[in-house]
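See structure below.
Order of writing sets the chain letters: A, B, C and D. Residues in each chain are counted from 1.
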Amino acid sequence: MYSFRNDYSEGAHPRVLQALADTNLVQTRGYGLDPYCTEAAALIRSLCAAPEAQVHFLVGGTQTNLVVLDSLLCSYEAVIAAHTGHINVHETGAIEATGHKVCTVLSPDGKLTPELVDPLVKGHSTEHMVLPRVVYISDTTETGTVYTKAELTALREYCDANGLLLFLDGARLGAALTSPENDMTLADLSRLTDAFYIGGTKNGALFGEALVMTAPCPHFRWHMKQRGAVFAKGRLLGIQFKALLEDGLYFDLARHANALAFRLRDGIAALGYPFPVPSPSNQQFPVLPNPVVSRLQEMGYEFEIDHAVDPGHTCIRLVTSWATPEQAVEEFLRDLAGC
Amino acid sequence: MYSFRNDYSEGAHPRVLQALADTNLVQTRGYGLDPYCTEAAALIRSLCAAPEAQVHFLVGGTQTNLVVLDSLLCSYEAVIAAHTGHINVHETGAIEATGHKVCTVLSPDGKLTPELVDPLVKGHSTEHMVLPRVVYISDTTETGTVYTKAELTALREYCDANGLLLFLDGARLGAALTSPENDMTLADLSRLTDAFYIGGTKNGALFGEALVMTAPCPHFRWHMKQRGAVFAKGRLLGIQFKALLEDGLYFDLARHANALAFRLRDGIAALGYPFPVPSPSNQQFPVLPNPVVSRLQEMGYEFEIDHAVDPGHTCIRLVTSWATPEQAVEEFLRDLAGC
Amino acid sequence: MYSFRNDYSEGAHPRVLQALADTNLVQTRGYGLDPYCTEAAALIRSLCAAPEAQVHFLVGGTQTNLVVLDSLLCSYEAVIAAHTGHINVHETGAIEATGHKVCTVLSPDGKLTPELVDPLVKGHSTEHMVLPRVVYISDTTETGTVYTKAELTALREYCDANGLLLFLDGARLGAALTSPENDMTLADLSRLTDAFYIGGTKNGALFGEALVMTAPCPHFRWHMKQRGAVFAKGRLLGIQFKALLEDGLYFDLARHANALAFRLRDGIAALGYPFPVPSPSNQQFPVLPNPVVSRLQEMGYEFEIDHAVDPGHTCIRLVTSWATPEQAVEEFLRDLAGC
Amino acid sequence: MYSFRNDYSEGAHPRVLQALADTNLVQTRGYGLDPYCTEAAALIRSLCAAPEAQVHFLVGGTQTNLVVLDSLLCSYEAVIAAHTGHINVHETGAIEATGHKVCTVLSPDGKLTPELVDPLVKGHSTEHMVLPRVVYISDTTETGTVYTKAELTALREYCDANGLLLFLDGARLGAALTSPENDMTLADLSRLTDAFYIGGTKNGALFGEALVMTAPCPHFRWHMKQRGAVFAKGRLLGIQFKALLEDGLYFDLARHANALAFRLRDGIAALGYPFPVPSPSNQQFPVLPNPVVSRLQEMGYEFEIDHAVDPGHTCIRLVTSWATPEQAVEEFLRDLAGC
């Protein structure tokens, strides 16, 4: 049975794998100082319309988050995140391990707004409290929601007015930028944030995140190395991002994942099951009766339990990816209908 | 022209790459909780004759060093290393960034002995000083030297007598275990250390280090995650180590690297150039007149400058790998002879 | 006009100062290894009925909190606190600066209960999340409330059942133990917590906190020194705590502070002003109309603004101490009546 | 018998204690925001001819070192110290606990020079190594030696030419500035360093170090608070430094300590015992035959053993202070002559 557990259950898209095979025995320098990384970085700068941006390639999301945030924060400075934010919940205190507090804001849909952030910022005014300095957001969020250009612009303006930096976790950026609710491009993200990353791990790469940094940080590679984040064969990251981005494969793959998620959503809704938090991307959160959940598990389907809604119902998470076959979705819907 | 700069200039051995391709679309759980990692770990435990050992797969050497050492050390405890140790010189303070001091010992050949370590241990006796707790060694060392079983046994006994732990950095463990000066097996290492790792990055893998830990550390995966070292598609590490270790490929590749290094060494020595620090492994450190070094560089050869010996001579580092063709070595020797 | 801003606006009780003067030119060893500290520690162990407890003297509260918590926590472990907890709000991320997350629980009155803590503990189950390990409470709390023996016993039992440690911040322990709502002794605290401290700074000493630690921690002085918390002339702390504790002065002073706080409370209440959060100790939180607050400030009274209740009313904090003269309270009440 | 163990064996100079008593019941704000600290800071700025300098009062030396260095260093930056430097040897890794490496230089007399520092600076050039950023020196050094204006000027110029900051640990600054070998004033130190401190603990105060910072650091109080170094009754520090500095008491006390040290030195030398490392300040390091050392100890004299010189001789450390009576020195010399 198919696993809808996450979007990193498989390896890489075949074209990515082929690119690795094609270059396998070429000798290059290590640590990302090779022609493939140079080309991929140039391509990304071009897609971002950000000729001055720094582009760095890292292996994973938690690693990227902790290195970026530590590079943007002084010892006594803190990062603001939604209470559901990945750095707050699912990174084993990685940010705190670099010495920084994560200040949290309750968010109804995983997104931050100036209105949500402002009381926290205003409430931190003396040397007895940390100084909030970076706003951390994710696009898509942990609940699948997506920022609009108006929303991100509002946050940017708030940050500018309050001496804050804005960092966007793009582990699922493909799904965000190809969502029907999205109206932004890579160039918009580059202009509106101080740093963001293009997640490869969850969208066709074997692994890898491409960081685009417009905030000044001349020694970012020192920060990376200090955290074990300079990858010996850095070229592997350059090769993969080049393959994903040079002709739009990255966006095609994300569109596929989203489309199948919507097919799932519509099919499940047609069976009468509710989606209390609507998601316009590749994570869907239906609420099912517990016996239905159990029957799906017994059939062998895999997915995450998000939370218990009430004694009789459970919200589950279904994730599609670039690799999800249409047939798997149809079979799931058929099986669900039979539950 | 060939690059002898290091042993991670290429991708992976073709059989490793093939294993990744063969499994590419199989769905598994993430984070190393997949059948490939389980099999690779079982294989490693078996090769190590250590049925109780923890086996974890990490992406790179600096990452492994910092996670392992932080997991073995309390806040006020320190690690002892040779002054040439990788953690002391070439990791941008990664260990200190986790809060721990690296106490250094001058070592003539990159190796540590009880005699070298003892004055430092004896000299740290009060709460005004850090408490040395782990001895960090590398095999091969940064200068290519190799530990014998007698040497490692002596260190182990010293550690036991002084309440110390012993951690062996095996980034180049393949070269060490196939060196003519080696008389140890994986099982010996497992028995004589508290933790060591089998380096994949420098010996045939795309990337990856397999950590074998006999020291008790029930929450090691928490330590990993906190440092961004839990790899989303952990399976990629399991698949690679299985391919490298299931029929001895790992050792064949290292033997090849060493053999070509010895051919280089013997050929260079035959031309009359000295090797002040003899190396029984895949890094060789000849001393050449500066004009010869320049001519080799002009021809396009790549290698590291180790240090200036005197105003007219330079010690260079030549590294061979599993991927070095015999012909590249012969050409280099011919070109050197013509300098 | 009198300042009710806090309970550390003056120096030390005259008997404490006299004890410092009497011993001023006696030579002793530094770092708390002197006879005065030895005597004071013995006295405290005796008062705590804890002959095996470690007693350490530190200079201030934030320092004590950060050293104790780092000594009790592994890298990936976290501390649980009320959202109002001092370590969460008013220590500039001191705990996070030692690498540990502070997990917060919304508390209606500043106190923690098993019921409040349990969902957080249950919700942290995998290596992707920090591992909560210590419960941090304050007595009195930041809002002046006080734990009963039943409440602390319930927390202790919860901690035991869940592998947690319990640490009590006693910066205002004098006010707590002499509160009419208190039914505990130092011996109870010693038995029911793993560590707690007897706050001197806010109750008669020039400065100083006496830590009582029953949790095993053989190298606690290493932790102290590493954080700059081993006081060169440690004897000053021993001398002060001896003077405060040898004949009950500490408790007499706290009783005085509480009594004057209750006189303030009763007098203010008699004027018709409400106390939404009742406090049985030396911090009182009346709600006053804004013009009244302004008039008091204009007269020269000093106090903290706690928070705005509504556009027309403000909750202020009034703190009394061992040094508050009865007359200052009466004058304040008279002046308030005239507002 | 007298203790020559250190210069913090007693309490405070009587005039300092009197100043504390005189102000004891005056109410002030906490945390160093009181009139006494304001006056003391103004006085120090005036003595330093540095009207723009920040002045902060901290409790002890290790605390000051760790807060200052963390405030001056980014994550990946390191501090350079003599191998004998206090931060390298005697602070239990306090600097590393804030994440920074201490890079050491072998120094024959505890002092640093551009010539000693330069190879280390030149050798740290890539992102694989920490970036040295601050030079840490002590005046007097750990071996009692003293910087001249020419020496400090040379270091300053070297730092300027290499993008480095210069921090001077003045735990024994009184002894340095009143040494016959000194030719500097507080104003010179202020002009030639980026930060230095005037040590009170070892020269007449109960405790306290006054930091003078000319490097820009707008949020230094945040750094202090985060490390538990904002002292609740900060006024105690202001009161003490005002008493010590307003009419030169600080320098008188140090002159006394030095004079008695020189009397000790000359008397011991007259008995034929050598001083391999000459010291122009209040720490003296004679080499005595082991039986003589034992006899002194048996008589009850206290002092530190510095190191064993050979199987028959020991270098001891004798420290005098503001409180050392002349008679104690004469008795010691008489007793030594009788050994």
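Keep this in mind: contacts are C-beta pairs under 8 Å (C-beta built on N, C-alpha and C of every residue); 3 or more make two chains touch, one makes a residue touch a chain.
As the structure is a computational prediction, the values presented were derived from the model and not from experiment.
Q: Which neighbours does chain B have in common with chain C?
A: Of all the chains present, those in contact with both chain B and chain C are A, D.
Q: What's the farthest chain from chain D if centres are computed as the mean of the Cα atoms?
A: Ranked by distance of C-alpha centres from chain D, the top chain is A.
Q: Taking each chain's centre as the mean of its CA atoms, how far is chain C from chain D in angstrom?
A: 33
Q: If you average the Cα atoms of chain B and of chain D to get two centres, how far apart are those centres in Å?
A: 42
Q: Just give me the whole-number Å value for how far the CA centre of chain A lies from that of chain D.
A: Between these chains, centre-to-centre, one finds 51 Å.
Q: So which bits of chain A are touching at least two other chains?
A: 75-76, 91-93, 97-99, 127-128, 130, 222, 225-226, 230
Q: Taking the touch rule as given, give the residues of chain C at its contact with chain A in the complex, in rising order.
A: Going through chain C, the ones touching chain A are 75-76, 78, 89-93, 96-97, 99-102, 127-130.
Q: Name, in rising order, each residue of chain D that touches chain A in their complex.
A: Those residues of chain D that touch chain A are 70-71, 74-76, 98-99, 127-128, 130-131, 219, 221-226, 230.
Q: Touching residues of chain A toward chain B in the complex: what are they?
A: 2-3, 5-6, 8-12, 14, 17, 20-21, 23-30, 59-67, 91-94, 97-98, 201-202, 206-207, 222, 225-233, 235-236, 323
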